[in-house]
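The following pair of complexes shares a single chain, subunit A, combined with subunit B in the former and subunit C in the latter.
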Partner chain A sequence: MSDAGHDDHGHGDQSPFIQHHYDDAQHQFDSGKFGIWIFLAQEVLFFSALFVAYVLYRVHHGEIYSYAHKWLDVKYGAINTAVLIFSSLTAAWAVRAAQKNQKTLLIACLATTIACACGFLCIKYIEYSHKIHEHILFGRYFDPCVSPGGEELLTRKNMCPGSKGSVIWDAGSDKPTEGCFEASKLDLDTKLAGVQADCEVQIVKVDEKGKEQPGGTPVTNQCPDELLTILNGSEAGTGKELVKEAAPKFPCWRPAYQPQVCPDLTTPEQRNHGAGMKSQVGILVEFGDHEEREGIKIKAKCKDASAPKPMDALALSHEKPTEHVGERAIKPVHHISTHEEHEIESLGPPPEHTSMFLTIYFAMTGLHGVHVLVGIFVFIWLLIRAVKGQFTPDYFGPIDFAALYWHIVDLIWIFLFPLLYLIH
Partner chain B sequence: MATTEAFPESLKSLPQAPVTEPDFLHVSKGWKSWAFTLDHKRIGMMYLFGILFSLLLGGSFALLLRTELWSPGRTIVGPDTYNQFFTLHGAVMVFLVIIPGIPAALGNIIMPIQLGAPDVAFPRLNLASFYLWVSGAILLVLTIPFGGLDTGWTLYTPYSLETHTAVMVATMGVFLLGFSSIFTGLNFLVTIHKFRPQGMGWFQLPLNIWAIYGTAIMQVLATPVLGITVLLLTVERFAHIGIFDPTMGGDPVLFQHFFWFYSHPAVYIMIIPGMGVISELISTYARKPIFGYRFVAYSSLSLALLSFLVWGHHMFVSGQSRLANMVFSALTFTVGIPSAIKVFNWVATLYKGDIRLKTGMLYGLSFLLLFTIGGLTGLFLGILSVDVHLHDTYFVVAHFHYVMMGSTLVAFLGALHHWWPKFTGRMYNESLGRTCAIGVFIGFNTTFLPQFVMGARGMPRRYWDYDPQYQIFHQISTIGAFILGISLFIVVCYLMASFWTGAKAARNPWGGSSLEWQAPTPPTLYNFEKPPIVHELYNYDDLVEVAPDRWERLSDAPEYQGAVPVASGSKEHH
Partner chain C sequence: MADHADHHDDHDENEISHVASVKTLVGTGGTLLFLTILTVLATKIDFGANINLAIAMVIAVTKATLVILFFMHLRYDRLFHTVVFVSAICAASLFVGFTLMDSSQYQHTNIWTPSEPPAAPIGPRPTG
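Right after this comes the complex of A and B.
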């Protein structure tokens, strides 16, 4: 530009939206285009830290990704991908419509883009609310009610919705424990299984004063091949079955939510190491609702486990121990196909630090969702301006820039979808 | 070389102020005309006053720190308060003073004029950046009533997740400040690309603009990483997502990587604009073309590039791998190359120059000395084994103060004195200016030279208490800090006083060759009353001092029209 240009205030016949300090419409458009590209570079860097975190934790804890990604529904992810790609098309089409002065088409394209963006967020809402409902959350709030395979899990806070619930009973203090298996309190290399085998567990009904009703139901160990006990009993005094087929359905002794305490029992040495473990019993009970849960008491009486049963008596170690190094602690005893293995991997309690996958999932999709939301507001603003007829072939920059922004929002999702939903 | 020969008397009678248009300070009145202004100069001046206020705040914390360290044990405050003092000193100085100091304040005021542009590319975004800065600054200051901040400015996890001080207020503040910086960088990049006048190619740009260009690249590419990092830290604080929390499987060292991926380039965001300013000052006051123009320009860009590759040298003792340590150490030494290129070129520019020891030049010379010390001591810290000994000692404190304060703040002051007459239209008291420049230099060295010694002897940084053997160094340092503080306070006072008592400034009081000296003093709303003529950059042959602090171009004299060759600007500079 050779002219500071301040004697030409009106810029001739140009659009009234050409700002005073630009030479002409082209100068304004070029500046804006360059600016939006720099902004997009900034956006890439803004997201980059999350991608780095994703890669880092996946390299170090691949197992949590292969376990936890099955909580995500590929169907919803795929629909959202299609919706976003289509909205990118309409956004690009809007630019063309503005260049060619096709006002109706422009309005239609902008409206479709907004509709798609809203649809995307609706689906995201469905996905998020399901996860919030089932406590499949990040960090401290990670307390899943179900495994990716759909089994109910022992949970930490026992706040799962519906009729399902679980209690971890500390037989030593005869109270339910909230932070049930705490690594600091349990020596988990000890004979968890042996201890549990020596416990007698009863479910009794208590009245409002807390007095026990007679006729408690004994709970037996019914885990055939594996270690521990999930109860199978009937409601006290009623004869009504509390848990149907609980024992085969649920894995036996596997801490559900705090996997760092999950005992690695793959080798006889590990199983025979240590002694003295007692008094913690994990029992999963199916309750009607919270009130019903109030009226239930679980009694556990365990023998002193200072002389545990030899672990080799338990049918567990049919596989080579080395195969389990770094993998989940307890494997089924029979040989299984790869397909079955994938199925089984999504069963059972999560591996250690699985919450990190959810942290990354929520951080990435959440930040992306905020960008979609911003995009909606931008496109509504453009729609209003389009209805007013403010865009002309020599002034359509804002639509072009918003469409570019929308493309990067789309592009980020195109990375997120496979990285979060489609991995193995 | 400035000529001492007789010059045509007609030069003295050339018009000094715009006749037709009011200057930008008087073009409109009322607080709204400032609060909603889109004029880059007014926005820059608002930044400037915000930054000077922050400087006083951060400086007060520094003096409180130094007073506490006068004697071992408790002098004036206890350890908790001391922790908050050094945290706020660091956070305020880094995020509110040094980072926006030259680019946002002086860059905003001067850069578009130097470029010959009527404004920055996106004036509304520029105003938005300013208000983001204000909001971030308010949040940062609000940490004081909300429980203080005691994490250090680095906000390292996991301590920042556990402390009960107002970390979230601070991180939200830093987030906003980060986006202020990003948008300023974006604006400047577009301005420099799209608003160069005809005849001003990339290699006719003043080196100050090259420096701002390199800075803007880093602002745009590094700051977003800080943004997402403090955002994650904020979310971690209230939602416990666990990403940096080792108890939930998170990685606190990852925070350090993210933090330094920004904060190392941030060191160059702070220093490179200072280098740009120094190129202008040295050349103008030595009345010589800058030596090795292209090398100085390219070294700004290569510093910007290298700054992204060396963040790991802040983490030699964090437990990162040996290989990473060695790579980062090796890369760290490469930073010395462009830095040394600049210093050698400035010294070569001074050689046989006609040096004018104006206030601006005194700061420029201070910079040369202080930056050399700061840069060379950085090499000590880049050596792995030496760093293990010196890490987290006062040696590090002294090193980065020589770079951040001894160089950047001194360059900021030099720039302020160099361009103050241009944008306020007033001359400050020159002898006070020179005295204070010397005061800053003496005070600064008295403060920080002893810190090298006690750091090398093992005095750890950020400690409230110390062994009596370090007391003498602490006391010298404290005395120096007060000399420095008083000098800076006087600087602010006489600059403010110049608004009322200063003589009217000429269009070109220092004989500068770049375009801003062609603009009226103070400039009009769109900077130039007529399109500026691009003369050959850093060529002072055409400039004569027709009166004290008033320079004119010989070629502007009516009788010399056409007689003196004027570079068209299309000619490549050597």
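Right after this comes the complex of A and C.
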């Protein structure tokens, strides 16, 4: 190794960050670089376990992938790919700037990398929150509101909090339409209490193929207004007493108002579709604890004309009395929305075990997202050190190593993007 | 080590490690972005599921190679680092490959439901 006599001119005093147990700056840098490459090799193996899960499941259940990937928006995936590639470029440029002692450029590159990483996570947040709202989640939380094509799914196990079964009919359309209640969005107290409708409600048993069996059970009881307070949760803690006092006979029905269907839909078409369904009344059927909710359909026939206009938002302005028929099955069936003008692709209900795709999606992108988060903290640390002027052409190892880590994060996304978003 | 030390500050020189030129960095970044657009566009054309997957993977591997060679400086780095990294990729390929070889062994394993037990020989032995 070179001793001080062979040092280049002008840089005789070496960086104070060269540890005394290394021969020189080169020795320290090489040791660190070897370490980071070993770490990166480990990262490849770490992620490979998830790629094994992905490939194995795709080989055996390709239909799940070709169905479920449509829930992912290629636009967001592509933007994130570009963001990461750009941040990789600035990270690599940061190394160059550090090597050449360009402090301002170094700070700018590090700051840009951090900004891009945060942008990546913001887009990921948008994607994740859509999926959380629509219950497009992993494992047993997989309970989607809409199919990837935008049609509403009636395969939901947990229909929506507060509604055990419901029929919605669209006030603006002659055809029945169906959707899920978002109880949190439903102001049951004020919106439901005033709604009245003249309906005949029936519970019809269906067999496994979804075929109706003859002879339905009419639901004659109307749920009392007090029940809505319980559903709404506004009288927390007193719900049980109210049930006793009101003593509704289950099953009971009542007209309901649905302000929104599955908000935060992804595409503009879906959003229009959601908006078009804003003003709806429907039937909410409440079951007792011991009643069979599986394998039944709820059918309702209502005379719209008798429904008053209890709230301003409700666009119930039918001049002529129209009769609306709707039904909602609790068994897995699907219903193509009546809003055909919005070009909803009919994909049908998800194939069996579709939740596995989402499990793999969340595991892979989640682990990757954690790496991005770690990268942000590392680059903030480097930024602070760069501002302090601690990096010199003979001491830039941390920048180089962090950049290498950042490139591997980019590398993994380069594979995740086509594998998750671009399935044909 | 810089084996061709040149004492001009404006040159892309560093005593310790290779300095990537601006041309290399921007060129690599630009190519990566171009390939990203290409892979999105390729998905829109139907070549058949397998060929589409192959195209997407070839583009992804190309992008990964560019990142490794130029952004990660592996082209100018020690050969040993290449050995370490390529070994890891080989090991990962082995994981995937061996799992796929083995997985078909369990294709016919059913999860029994008491009401519908699978037929013999894998089902329960006939009683009586």
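In the analysis below, the second predicted complex is superposed on the first by the 221 of 424 C-alpha atoms of A that agree within 3 Å, B and C clash if a C-alpha of one lies under 4 Å from a C-alpha of the other, contacts with A are read in each partner's own complex, and residues count from 1 in each chain.
Quick note on the criterion: a residue touches a chain if its C-beta (ideal position, glycine included) is under 8 Å from a C-beta of that chain, and two chains touch if they have at least 3 such contacts.
All of these numbers come straight from a predicted model, not from anything done at the bench.
Q: For A:D73 in the superposed arrangement: first (subunit B), second (subunit C), both or neither?
A: Neither partner.
Q: Looking at A:L56, would you say it contacts subunit B, subunit C, both, or neither? Reply first, second, both or neither.
A: both
Q: Using the touch definition from the top, say if A:L45 reaches subunit B (first), subunit C (second), both or neither.
A: both
Q: When both complexes are superposed, which of subunit B and subunit C contacts more residues belonging to subunit A?
A: Greater contact footprint in residues on subunit A: C.
Q: Applying the touch criterion given at the start, work out whether A:R140 contacts subunit B, subunit C, both or neither, answering first, second, both or neither.
A: A:R140: touches subunit B, not subunit C.
Q: Could you tell me if A:K100 is touching subunit B, subunit C, both of them or neither one (first, second, both, neither)?
A: A:K100 sits against subunit C, while subunit B stays out of touch.
Q: Touch test for A:D394: subunit B only (first), subunit C only (second), both, or neither?
A: The answer is second: A:D394 touches subunit C but not subunit B.
Q: Which parts of subunit A are in contact with subunit B and also with subunit C?
A: The overlap between the subunit B and subunit C interfaces on subunit A comprises residues 30, 34, 38, 41-42, 45, 47-49, 52, 56.
Q: Please name which positions on subunit C make contact with subunit A in the complex.
A: 1, 5, 7, 9, 12, 14-17, 19-20, 22, 25-26, 28-29, 32-33, 36-37, 39-40, 43, 46-47, 49, 52-53, 56-57, 59-60, 63-64, 67-68, 70-73, 77-78, 80-81, 84-85, 87-89, 91-92, 95-96, 99-100, 103, 107
Q: Which bits of subunit A are touching subunit B when the two form their complex?
A: 1-6, 19-21, 27, 30-31, 34-35, 38-39, 41-43, 45-50, 52-53, 56-57, 61, 138-141, 352-353, 355-356, 359-360, 362-363, 367
Q: Residue numbers of subunit B touching subunit A in their complex, please.
A: Within the complex, subunit B touches subunit A at residues 116-119, 121-123, 125, 182, 186-187, 189-190, 193-199, 220-225, 227-229, 232, 235-236, 239-243, 245, 248-251, 254, 258, 261, 525-528, 531-532.
Q: Show me the residue ranges of subunit A that touch subunit C in the complex, using the header's touch definition.
A: Residue positions touching the partner: 8-9, 11, 25-26, 29-30, 33-34, 37-38, 40-42, 44-45, 47-49, 51-52, 55-56, 59-60, 62, 66, 74, 78, 81-82, 85-86, 88-89, 91-93, 95-96, 99-100, 393-394, 396, 400, 403-404, 407-408, 410-411, 414-415, 417-419, 422-424.
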